[in-house]
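Paired with chain B in one complex and with chain C in the other, chain A is shared by the two complexes that follow.
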Partner chain A sequence: MNLLEISDLHVSYDGIKAVRGIDLSLEEGEIVSLIGANGAGKSTTLKAVCGITPVHSGSILFEGEDIRSIPPHMLVKRGISLVPEGRGLFGRSTVEENLKMGAYSRRDKGIADDLEKIYALFPRLLERRSQAAGTLSGGEQQMVSLGRALMARPRLLFLDEPSMGLAPIMVQKIFEIIRTVASTGMTILLVEQNAKIALSMSQRGYVMESGKITLSDASSALLENPQVKAAYLGQ
Partner chain B sequence: MKQRLKWAFFVLALVLLPFITDFALGKTWVRILDFALLYAMLALGLNIVVGFAGLLDLGYIAFFAVGAYLYALLASPHFGFHLPFWLLLPMGAFAAGIFGMLLGAPTLRLRGDYLAIVTLGFGEIIRIFLNNLDAPYNITGGPQGLDLIDPIKIGDFSLNHPLGHAVFNYYFLFLILAAAVAFVSIRLQHSRIGRAWVAIREDEIAAEAMGINTRNVKLLAFAMGASFGGLSGGLFAGFEGFVSPESFNLNESIMILCMVVLGGMGHVRGVIFGAILLSVLPEALRYVGPLEESLFGRVIVDAASLRMLLFGLALILVMLLRPAGLWPSGTRRRELAAHGETARHENTNVYDASR
Partner chain C sequence: MEIFLQQLVNGVVLGSIYALVALGYTLVYGIMGLINFAHGDVVMLGAMVTLAVVHLLSGSGLPGPMVAAIGVLAAIPACMMTGFLIERIAYRPLRSAPRLAPLITAIGVSMLLQNLAMMVWGREYLSFPQLLPAATYPIGGASISFIQIIIIVSSSLMMAGLSYLVKKTRLGNAMRATSQNPEVSALLGVNVNSIISVTFIIGSALAAVAGMMVSAYYGIAHYDMGFILGLKAFTAAVLGGIGNIEGAMVGGLLLGVIESMGAGYLGTLTGGAMGSNYQDVFAFFVLIVVLIFRPSGLLGERIGERP
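After this line comes the complex of A and B, so read on.
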């Protein structure tokens, strides 16, 4: 059974049909990238799955159960965690407060241990733990956002444009970290405009264009696909 | 030990304050202190909505009105009810809390200026209702308001009792309740709910993604803030013995908002400071007229208009010189001071990613 199974999903907001009937699935432990240009409907798809944007029609199954009517805060408890576009940090709160916010939906005793794990993963954040998150560099902020999402102990992680607004060298760094997270067996759906780096680390990829999925294949095949090369890889 | 000694001195100072004030400035000023404490409670209530949850509310005075009218209606000859204050104050807080949710529910999706406009309208609706509910049945007494409201009585002892003079009695009652409100505020701020408020204030989508039920948490902010307003309203009615719609106009809402912003949004001590300062300052500026006369031999600028002018000037100066408020919380100060450092961190990071 697929962990996430989206079929014939339609989403509109403000009168715009942003997503027009897409099918997408993720198996447990898989890293899948969803690439496409600005405004293709990638982020809207993520928001719809997370319950933030209402779905017009279609079905979203998580572990075989329809989650369309479940409010976003309950989905977090079920194990869906989102690293929002633009990072969505609580800028006035400290790094540590941000990370702890990530565990808001949990009530178990493992939170302190998990915080140590996040600091081990991002030693940089340990140095900055009591600094306001809004004052960090873009790359550090992305680390906080990623760490915060992991604090919820997700089973499915959505990353919305993790490379956005980062210097090229920082993009490399962030993707190294995503690779580390993935190596723990995490299931990840990666939404990216930077097709090259996204495809280089995922197993499969979907290409989205004006609300529809136009291509779907193994990432290695997509990297060689002449259409993808011309449109997204600049070759 | 040193901390305890400090606290003991602080409490002693607060206890002695009305007597010293009376000795130096007279009973009028003790009354001003009473109002300052009342405003402190109101400002702390609004601080929950505006400071903690980041929801701009321009009609906050409506909740004060709900508490005040509830007390007035159930403890005056108007309907002939004379319920005791210990029942009326919680009832007022509860009723105002319900009104808070009533305002919160339809405005959940609004933010910033849009929310401000709706809350402003809500405040006016309540006031206009109070003004007009004297016909066909006289419920609120209309523009004349309600008077002969029972004073607050503890056991058989009315706080209006000449013994020790009413302003002193109310001072101590207000002091205790203001301290309780401040204590609850601080506990709320550091609770799970308090953290959820911070999260929705800073980024609502991210807060949702953290698993926060943003709807309930916002409604709770409205209800908690409103119930503090309702509590102060009841105290106001008992203290004044008279309520009328004109005490609950937009100016009052804005004044309380000024106290919160000026003192330091989200910082309990700052907000109390702002409330006391803004209730004392306009009174202190009443001395401008006599001062002019003694300096120039006659009144050059009308004292009343000069007073408001100086008050406005003071507000503008504070916002220019201390944009985070007079006594901001550490978080806000951190944010405003960090610009130079941020730039430095940014540079070291971007150019040295190997670290």
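After this line comes the complex of A and C, so read on.
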């Protein structure tokens, strides 16, 4: 059974069709890329799965169960976390408050330990733990957003353009950490406009255009695909 | 100097009440960017329910302070329920409507509450009996009455409690997160609808106590008393920076003191041309000055941040 199975998903905003019948699935432990130009419908797809944007039709199965009617605040308990586009930090709260909010849905005793693990993963954040998150650099903010999502101990992690607006060196750093996270066996759906880096670290990839999936293949094959090369890799 | 000190005491008392009411405006604004113009009428309801219970217990022989306490303990849940229902019925269906819609609805709810109160309690000014000892205590040439002490102490305690709740508890974390980004808060497991309900309920509980205080202090209650009081508390919230909790506290106290000083000195300054009956003008003068020179308020930073 697939961990996530999206079939014939349609989503629209006030009549504008943003997602037009896509199929997408993720197996447990996989890292999958979803690439496509700005406005293709990638973020809308993630938001629909998370219950923030209403679904017009289609089905979304998580562990075989249809989750369309589950309100967004209940999904995190089931193991779905999103690192939203633009990071979505609580800018006036401190770094540590942001990270702790990531564990809001948890009641177990492991929260303090997990916080230490996040600080081990991002030593920069330990130095800045009492600083307002809004005052951090873009890369540091992305670390907070990623750390906050991990604090929920997700089984399925959605990353929406983690490289957006970051300097190349920071992109390398963030993706190194995503690799580390992936190596723990977490299932990841990586949405990126930076197709090269996304495909280089995923096993499979989907290409989305104007609300539809136009290609789906092994990442290595997509990297060699002439269409992908021309449209997304600048070659 | 005695006048100054006396007006300072009076101003702090008045300001404590403004602060409690201002917190209701600021909490709701902080969470959902809405100015709940019906909030002042919830204050009125707090006064009216307290008074109704006080009348009910008038022949019971219970001591005055106990009657007052029972009155306010009845008013608190009544106002909490009212605040909860206002949000559920009037504002929630308009959550994604253009911002003008809930604003107009808020004014409608305010008129509805006033008219209901007028039907139940009439249009006359109702007198609030003296339930607390009339004792006064001298402080440095001025004097402070028993009820003034009660108002200052109990509102300080409530504000300290609220600060603790917002800063240190799980509920408070969820409230602060929701006020900054409701969508992301939901993704992290916050039930945003319940947080909004709780925010209205907390604001309304503070309003109930403020309503009881103001009518006991001035010895009077009236179905439209919430209008001016609400407007002044809103001014206090804007003065402090709407959406900011410390701002509401500071703004409330400051407005109370400004008003009280104005009332105390206006006659002298204008050679008797204007008396303390111009007191109300001060609040709105302050509002206009703040809106011109510092629209985000003394401690505020939030205005314009929301789409």
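Methods note: the second predicted complex is superposed on the first by the 235 of 235 C-alpha atoms of A that agree within 3 Å, B and C clash if a C-alpha of one lies under 4 Å from a C-alpha of the other, contacts with A are read in each partner's own complex, and residues count from 1 in each chain.
Simple rule for what comes next: a residue touches a chain if its C-beta (ideal position, glycine included) is under 8 Å from a C-beta of that chain, and two chains touch if they have at least 3 such contacts.
Owing to the predicted nature of the structure, the values given are computational and were not obtained by experimental measurement.
Colleague: Identify whether chain B and chain C fit side by side or clash on chain A in the overlaid structures.
Modeller: Clash: chain B and chain C overlap once superposed on chain A.
Colleague: Looking at the overlay, does A:T135 come into contact with chain B only (first), chain C only (second), both, or neither?
Modeller: first
Colleague: Check whether A:C50 is in contact with chain B, with chain C, with both or with neither, and answer first, second, both or neither.
Modeller: Both chain B and chain C are touched by A:C50.
Colleague: Is A:R124 contacted by the first partner chain B, the second partner chain C, both or neither?
Modeller: first
Colleague: Touching A:H73, do we find chain B (first), chain C (second), both, or neither?
Modeller: After superposing on A, A:H73 lies in contact with both chain B and chain C.
Colleague: Counting only touches as set out at the top, which of chain B and chain C does A:A167 meet: first, second, both, neither?
Modeller: The first partner, chain B, only.
Colleague: With both structures placed on chain A, which of the two partners, chain B or chain C, ends up touching more residues of chain A?
Modeller: Partner touching more chain A residues in the overlay: B.
Colleague: Taking 3-11, 93-101 or 345-353 from chain B, which overlaps chain C after aligning chain A?
Modeller: It is 93-101.
Colleague: Could you pull out which residues of chain A sit against chain B in one structure and against chain C in the other?
Modeller: Of chain A, residues 50, 52, 71-74, 76-77, 81-82, 84, 88-93, 97, 100-102, 104-105, 148, 152 contact chain B in one complex and chain C in the other.
Colleague: List the residues on chain B that touch chain A in their complex, please.
Modeller: Listed in rising order, the residues of chain B that touch chain A are 192, 195-196, 198-199, 202-203, 205-206, 208-214, 331-332, 334-335, 338, 341-342, 345-346, 349-351, 353, 355.
Colleague: In their complex, what parts of chain A are in touch with chain B?
Modeller: On the chain A side, the touching residues are 50, 52, 71-74, 76-77, 81-82, 84, 88-94, 97, 100-102, 104-105, 124, 131-132, 134-140, 148-149, 152, 167, 169-170, 172-173.
Colleague: Which stretch or stretches of chain C touch chain A in the complex?
Modeller: 170, 173-174, 176-177, 180-181, 183-192
Colleague: Write out the stretch or stretches of chain A touching chain C in their complex.
Modeller: 50, 52, 71-77, 81-82, 84, 88-93, 97, 100-102, 104-105, 148, 152
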